[in-house]
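Labels A, B, C, D and E are assigned to the chains in the order they are written; within every chain, residues are numbered from 1.
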Amino acid sequence: MVILVSLVVPAAVAVWLLTGGRGVSHRTANLLASAASVVTLAGVLFAVITRPTVDRAWVPSLGLRWQLAVDGISAPLLLLTAILGVGVVLHTLDRPPQGGTTAAFHACLLLVEFGALATFYARDAVLFFVAFELVLVPMWVLITRFGDPHDAAARADAGGRFVLYTAFGSTLMLVGILALVAKAGTSDLDVLAQGGGHGIPVGTQTLVAALLVAGLAVKVPVFPVHTWLPPAHTTAPTAGSVLLAAVLLKMGTYGLVRLPLASLPEGFAHVAPVLAVLGAVGILWGGLACLVERDLKRLVAYSSVAHMGFVVLGLSSGTRTGLQAALFANVAHGVVSALLFVVVGGLKERWGSADLETARAALREVTPRLGFALVVGLAASLGLPGLAGFWGEFLSVYAAWSPAADRPEGLFRALAVVGALGTVLAAAYALRVLRTVWAGERTAPRIEDSRDSEWDVIAVLVLAVLLLGIAPGPLLALTDDTVSTIIGAAP
Amino acid sequence: MSGTATRLVVLVPVVAALLGLLVARRADVRAARLLAVGAAVLAVLFALAEVVGVHGSSGARTVSSIPALAAGELRIPLQLQATTATATIALVVAVVGWAVQVFAGWYLKDDDRYGIFAATVSLFTAAMLLVVQSADLVLTLVGWEVMGWCSYLLIGHWSRKETARRAALKAFLVTRLADVGFVLGVVILAAGAGSTAYRRVVQSWAGTGCNDAGACTGPSTTLLNAAMVLLVIGILGKSGMVPFHDWLPDAMEGPTPASALIHAATMVAAGTFVLAQLFDVLAAADGARWLLALSTAVTMVYAAVLAFGQSDLKRLLAYSTLSQVALMLSALAVAPADDGPGAGVLHLYSHAFFKALLFLAIGWLSVTVGGTAAATMRGGVRGHLFIRPAMFVGLLSLAGVPPLVGFVSKEHVLDAAEAGIGAGEARAWLVLLAGLLTVALTAAYCMRAWIVLDDLGSADIERHDADTATVGVRTAVTVLTVLTVVGGLVVVTPLLDLGGHIGWLVALLSILLIVGAGLAVRSVAAGKDPAVRVVGARMPSFDAGLGVDRLYVALVARPVLALAHLVVFLDREVVDAYVRGAAAATRFGGTGGQRAHRGEVAASGLAWVVAGVVAVALAGVALW
Amino acid sequence: MSAPTATSLVTFDWVALAPVAVPALGAVLVLVVDVLAPRLVRLHAAVGVLALVAGIALAVPGALRSADDPLRTLCLPAPDGACLYEAGPLASALQLGALASALLVLLLSWPGADPRDHLRGGPAVIVSLVLAATAGAAGVAAAHDLGSWLVCLELATLPAIALVALRGDAPAGRGALALLTTSLVSFAMVVLGAALWLLSTGEAVFAAGGVQDALADPERRVVLLLGALLLLAGLGFKLSLVPFHVWTPQAYAGATEPVAAFLAATSKVAALAALLVVVQPLVGAGTPVLVGIGILAAVSMTVGNVLALVQDDPVRLLAWSTVAQAGWVVLPLSALDDDSAAASGGYLLAYVVATLVAFTVVHVVTATPRRRGVVDQGRTLAAYTGLLRAHPLLGGALGLALLSLAGLPPGVIGLVAKVVALRPVVGAGQWLLVAVAVLNAVIGVAVYLRWFAVLLRDPDEGPARAVIRRIPRSALAALVLGGTALVATSLMPQLLLGLLG
Amino acid sequence: MIHLTGPYLLAAVLAGLGTYGVLARRNAVLVLIGVELVLNAANLLLVSVGASGGDRWAAGNVLTLFVITIAAAEVVVALAVVLAVFRLRGAVDLSEPASEPVSEPVIGEADEVRS
Amino acid sequence: MTALDVAFAAVGLVTAASGLLAVTTRHVVHAALWLVVCLGAVAGCYLVLGAEFVALVQLLVYVGAIVVLVLFALMLTRAPIGANPDISTGRLHRVLAGVLGAGVTALLAAALLPLAGPAVERRDTSTTQLAEQLFGTWVWPFEVLSVLLLVALVAAMAVSRMTRPSVAAEPAVTGEDGVA
């Protein structure tokens, strides 16, 4: 029941904002959305603790059920989504959106949250797909309507790219899901995971796993299907970027764990080396692109590509450590990129553009708070121990070095080296940014430092980054059981 | 008792760092200073308590820190350890940290970012203490990387200076590049052992590999060598050994307390302690030892030569650090497996004292004379009640004059090399010869420094009178001076587990070398800076580290940037071209189709229908 | 009706036949009322609406029966036992779809609702034509023999031609001519196909038994397949499958919006119903028919989507979208298994609901009087600038409809329909077709979002802000009905899919 | 006794001729003639089925009657449309492309005048 | 070759020839007249095949009604009397049409001829039988057909009563009064 509360509340408020509450003032809309997201967060928290389940028929003729539950893999992502749901609404408090009504903006935020939560709750493959698609339109609206006010063409292009690219991916995934369901005879994810693909010929398993991986890879995004991400991030409003990076990308990796990895371990084993190679290429590719990227938001987006590369690398290794690494890196990236996008988005607002080549006042001199947040974010992004980014990446490299028995060891070891080299690139681009933006002697033009709701959000995110870095234990322990179940189910 | 102390030794500076961050925002320098120094004192006390506590018990004791991590197959216990050696080194680190904090409180009293600096130093100290006390490779890695990051912040403290920004960037990137090796080394070691605990790692890699059942499965030597070579690469980077050495002199752009901290007891020396922990594994990895020996031998001589030719005394000290750290590490490269890593650790211990002393003294001096360039500092110590003896003792110790602590530890290192020769290891010859050469060179540049500081120019008593150094600073320098003098006594205590002893023959030889080199320099000087005499016009090139920086740029930075440009180009023109191409093709098809249908001729519709029917029918029948 | 003679007595169950008979009688009744009271135009429409409502009510029982026990009537005596009228849940659901969509069309063309009422012959003619065509659509869904199948199919087609022509201007004439010629040729093909069917199976009913016999004989098999393909091609015209689609944009653009809606909805239901009647006995006929359907589906969706992408006239856009959606509708039939007929029907019904709502909004927007001096842009996408904010009800309904057509939530019904349509194809492992479908799903998203993006804009950005002061009550009713159906089925797709058994 | 080859062949020929007629004519009425030929081909087949006794319920003949009737109905409507188009455009040429812009706002102008 | 075969061949030839002329002649009115011949000959075929009633209906409805309607339409649309090349499409188009037409013939012939088999006993369908079936088994489509005819008539009347657009716009202006 508490699951339903945490789903219905944001959806209902969003619908009301879109219909009845169209004309409400910014403050009212924000208050309402805040209330909704806080209630949702409470619901999610409660659900994570009590682990209730919901199982109701929805479309019997498709065998589609409202089958919702929480387990170790979804719990962290649910929490992440709910917390950031509060965060983005809070962040909007002092920034009335441009390009449309404030009610619509808040509704879109809530709808994205709703879709993401439903995705993570879903225990039915088809329901998962439906929920997966839910976020597309609100996110698209956020990008095309509320994005960068300077360039309408870029907004349309970025929004179109986002929605078409991911629709392509999700349709591929749908095909994979349908094939999986047809072969396995059930769409219950838990049953699928227990079955572990038994009774399905390996060739079919591989094909289906490849379809699923290909579809989900778009969302993650994995090189070379990542080109939708930078424009989307660049043009999206800050709240949108945060949700995009911290929540939407996670849906892709979550799907990779739930569908191919858990349900078709044998098939996934055949696809995994390719995926791992792509992940490793993504690490280098994103890192290198960041070295010369001029736009700060695009840079952070490319760094996301690199970080998701670690996640994918960990996932592909087929070991429990790898899966743990991936899940941890997933959450860590969610927090870190959220932090970075809040900061970078704030900077873009203040500067009017995010071009690194323009000489500006050093953040350290004029806006110590933003500067500090940027330092923390980038340090976490380069995998500094004690901050969130480290554990996932280290464990990913470890997992790649010692992959499961059915993976090509030599290849994975090479990829481990690549991954480790990627951390140097991360350091290089992070320091490049710090050197041009944070450190320096210029103090003009002055910009306003972060305060009020923006600073609150930043502070919370910084704390989360620190907490995850200093005490990774609880998160790892949270996922441990389920990870063991999933990998243990493999033959 | 010692368990709690062990934890607190690390925890106190961490807490101080975090609180310091909060305090730093307020403009109140005193609060920040109180916090930093107070925490440092506490850390020293706890370290002392730990030493006392450990002394009673025997053997390694592991202390849990935070709960162990459940990371799938890998076990990460995240434990600390409390042995006499770790406790002693921790005490040294704490003491140096305290001295630096005290000094920084005065040195940076007018700096608007003192609070941040103090907090960073606290964090840095904590990280080093963590590395020292860690019983877990991952904890070591944590401390290791945090130290790197703190060094970035400290070196770049004066971020309004372009040189400082660049130096910080370079320091971090070079060490980070080398850290790839460290991380991979850790990963390989952990993967072999299934755990990141030192104990398990050493057991599984260094052990004979025979279990109770008698089945011997020795670890793969290739993998072992690979792991240790990678690990050594990381350590070479952090310690500034050739070929990663160039960041360290540049790091002098940071405030002097930061230099003291980085050079004395912490970052650059941390590798020594890590390798000491893994000595049993290292001893089995011949390749890694060769790499270590080669790099350190080259570094100690090369850095000593460069040190002599520096126009800036702080940079002279920086190169001396390189040389001395190379000496420390070389002990690990050559010491026979039975002797253990004691010599290296001892040199770490002694180097911490005298190098901290030297840096603080020179920092103090620079405040009174207004700079660290040799030309500015001429005769700077004359008549100063504190700096002159401190400098004197420090330089003597650096040169390795008995009975100061530098002598004791350096002789142990040379002795380890000698023992290595005895064990028939060729690289020990290399190290011994390089070491002896270094001894002479060290004496030479110490003599040069002293000549510059004391003999040339005239003492400016007034400037000394205007000295604003606080009591704390004076205390710190005094304490370090005393420790430099009497620290050698540690060899008669059981605090450090020393495998060897001083070989008198080598000791005699080195004393002769010291005296000879000293006299030679003195004779060259004749009222001028000997370096100017010897190096002369080549001094700028010495200052620039013989242009290695340009080599870095040409060999690493440019190609990587070119690759990055290529990637961006490919990303835009190839990877994304498919996407744009698909969109364009669709749109093109749309307009084309639209043109085809524009006429809206009913007859063509009919034609399509009939053609379609025939086609469908033909297709159907043909396929059947 | 007339009493059957002794030897070939068929049973008669009026209740079962009611979904067909009631609209047909309604058509006659409207004409009678027109004769008696030509000025009471609203009464004509009311009679039509009542007839359709009654038809809907009477079609429900059939939809609630199980698939194993369909409504049968017009059965021959025992030894033969064949029934000419058989309405299982699927057929009944399609009947419901046809009747309900016709109801919306009637509401849209309510007399006086359209100030540009150019329709000749008055509302009575329109109402009776719509009713008759609907009766044909309902009849063909349940027709089980060649005779009633052919007659009903033509009954569903012929009035539509007249409806298009009735707008009475040059584009309408052109559209009607295109529709007419294409339909005539297609009908000829269908008759030829029917003749071949009869020739090869020796049966005038669509029954699996005769088909199996014919398939067993290699010579008759060819004839049967040829016949089936001709039938398929003839129905392809009605479904707007490429290459039989050329009339579609012309006729849609030429006709009034309600008539276009009729062509896009009721007419398509009739076409699919007719196709299902043919295809169902062919299960197991082997590849040629399936490959034929697959090719048609793939080509249709591609051509339709790609061309819809460049349209600026919303009606033409919807016309090409119909072509594309027709591809999706027949897609599941290319993998002929037990589910595919229901899948096809399910997709069609989802499409019908969404497209009707879209047409309703287009009708309202186009029919709105402009202020003086405002350039009329009713039939361009620009006229929809900011509709979502300027007129939330219209904008919201259109938006939801477009998203449903695109298959994106919140138009969940469209998404579920895509799932339903893809399932049999994936199950059969026709990967090539699946690949085409995936690509088209993406292009489809682009098509509809292009329009949706216009709705989202700031109303003031529009070149001429459409002022929609008052929506006619009948159109409002249609909008509410359609919108409610869309929302309800999006929340509970089972409402729609459950109809199909 | 009769060979069915004749009817079948004739049906095939008629269908072909009808197809040709449909495609080769520009005048809408003449296209109709082509369609009638195809319909007759189909009818011929249906009747020949009846003649060979291959059906039940006299389906061949009955269906032929139906088709003839439907054709009549079709022709009625078709001719009405053709006449209407002729009156609108002055020709019934199927090959004539749309002369006016495709989405001309004919109606709007009228409305504008009125309002 | 039976007698029936010979008879069929005779009428068949007439049918085919007149059909060919109907689709190829350049005289609009001739085309309609050739259609009359062709349809009449088809009626003859029906007779040979033993379906008298159908033949009768063919003559009555097709030749009597449909063709007359066609002729009327030709006249009303002011079809030119005499040869007129404009009534056919271009040469290339016609060649293609010929290919397609030949294709249809070939396809049908190829499919059907193997089925022809040996001579069969002609089975006459008496008019009584036909009536019985028509009003027994086929009563439902028969009734629907009546609706179809009715609707077609109504539709044709409505469509053909339309006036020109300029005039047609008038009723809309006055509102709802413009009814039939």
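We adopt the following convention: contacts are C-beta pairs under 8 Å (C-beta built on N, C-alpha and C of every residue); 3 or more make two chains touch, one makes a residue touch a chain.
This one's a predicted model, so the numbers in the text were calculated from it and none came from an experiment.
Engineer: Which neighbours do subunit C and subunit D have in common?
Structural biologist: B, E
Engineer: I'd like the most central chain, judged by C-alpha centroids against the all-protein C-alpha centroid.
Structural biologist: A
Engineer: Which chain pair shows the largest tally of C-beta contacts?
Structural biologist: D-E
Engineer: Centroid of subunit A to centroid of subunit B, CA atoms only: how many Å?
Structural biologist: 35
Engineer: Indicate the whole-number Å distance between the mean C-alpha point of subunit B and the mean C-alpha point of subunit D.
Structural biologist: Subunit B and subunit D have C-alpha centres separated by 92 Å.
Engineer: Where the centres are mean C-alpha positions, what is the separation of subunit B from subunit E, in Å?
Structural biologist: 99
Engineer: As a quick test, compute the distance in whole Å between the mean CA positions of subunit A and subunit D.
Structural biologist: Whole-Å distance between the two chain centres: 60.
Engineer: What positions in subunit C touch 2 or more of the other chains?
Structural biologist: Counting only residues that touch two or more other chains, subunit C contributes 8, 76, 115-116, 118, 147, 150-151, 154, 158, 161-162, 165, 168-170, 174, 177, 181, 185, 189, 196, 199, 222, 226, 446.
Engineer: What are the residue numbers in subunit D that touch two or more other chains?
Structural biologist: Residues 11, 15, 18-19, 22-23, 26, 28, 31-32, 41, 43, 45, 48, 57, 59-60, 62, 66, 70, 73-74, 77, 80-82, 84, 88, 92, 94-95, 98, 102, 106, 110 of subunit D each touch two or more of the other chains.
Engineer: Can you pull out the residues of subunit B that are in contact with at least two other chains?
Structural biologist: If we look for residues of subunit B contacting two or more partner chains, we find 600, 602-604, 606-607, 610-611, 613, 617, 621.
Engineer: If I apply the definition of touch given earlier, which pairs of chains qualify?
Structural biologist: A-B, A-C, B-C, B-D, B-E, C-D, C-E, D-E
Engineer: Could you please specify the touching residues of subunit E with respect to subunit B in the complex?
Structural biologist: So the residues of subunit E in touch with subunit B come to 89, 93, 96-97, 100, 103-104, 107, 111.
Engineer: Which stretch or stretches of subunit B touch subunit E in the complex?
Structural biologist: Interface residues on subunit B, with respect to subunit E: 603, 607, 610-611, 613-614, 617-618, 621.
Engineer: Please name which positions on subunit C make contact with subunit A in the complex.
Structural biologist: Contacts found on subunit C: 342, 346, 389, 392, 396, 403, 408-410, 412, 415-416, 418-420, 422-423, 426-427, 429, 434, 437-439, 441-442, 445-446, 449, 453, 456, 458, 492-494, 497-498, 500-501.
Engineer: Which of the residues in subunit B come into contact with subunit A in the complex?
Structural biologist: Contact set of subunit B toward subunit A: 25, 66-74, 138, 141-146, 149, 152, 156, 159-162, 165-166, 168-169, 172-173, 176-177, 179-180, 183-184, 187-188, 190-191, 560-561, 563-565, 567-568, 571, 575-576, 579, 583.
Engineer: Could you list, by residue number, the parts of subunit B that touch subunit D in their complex?
Structural biologist: 598-604, 606-607, 610
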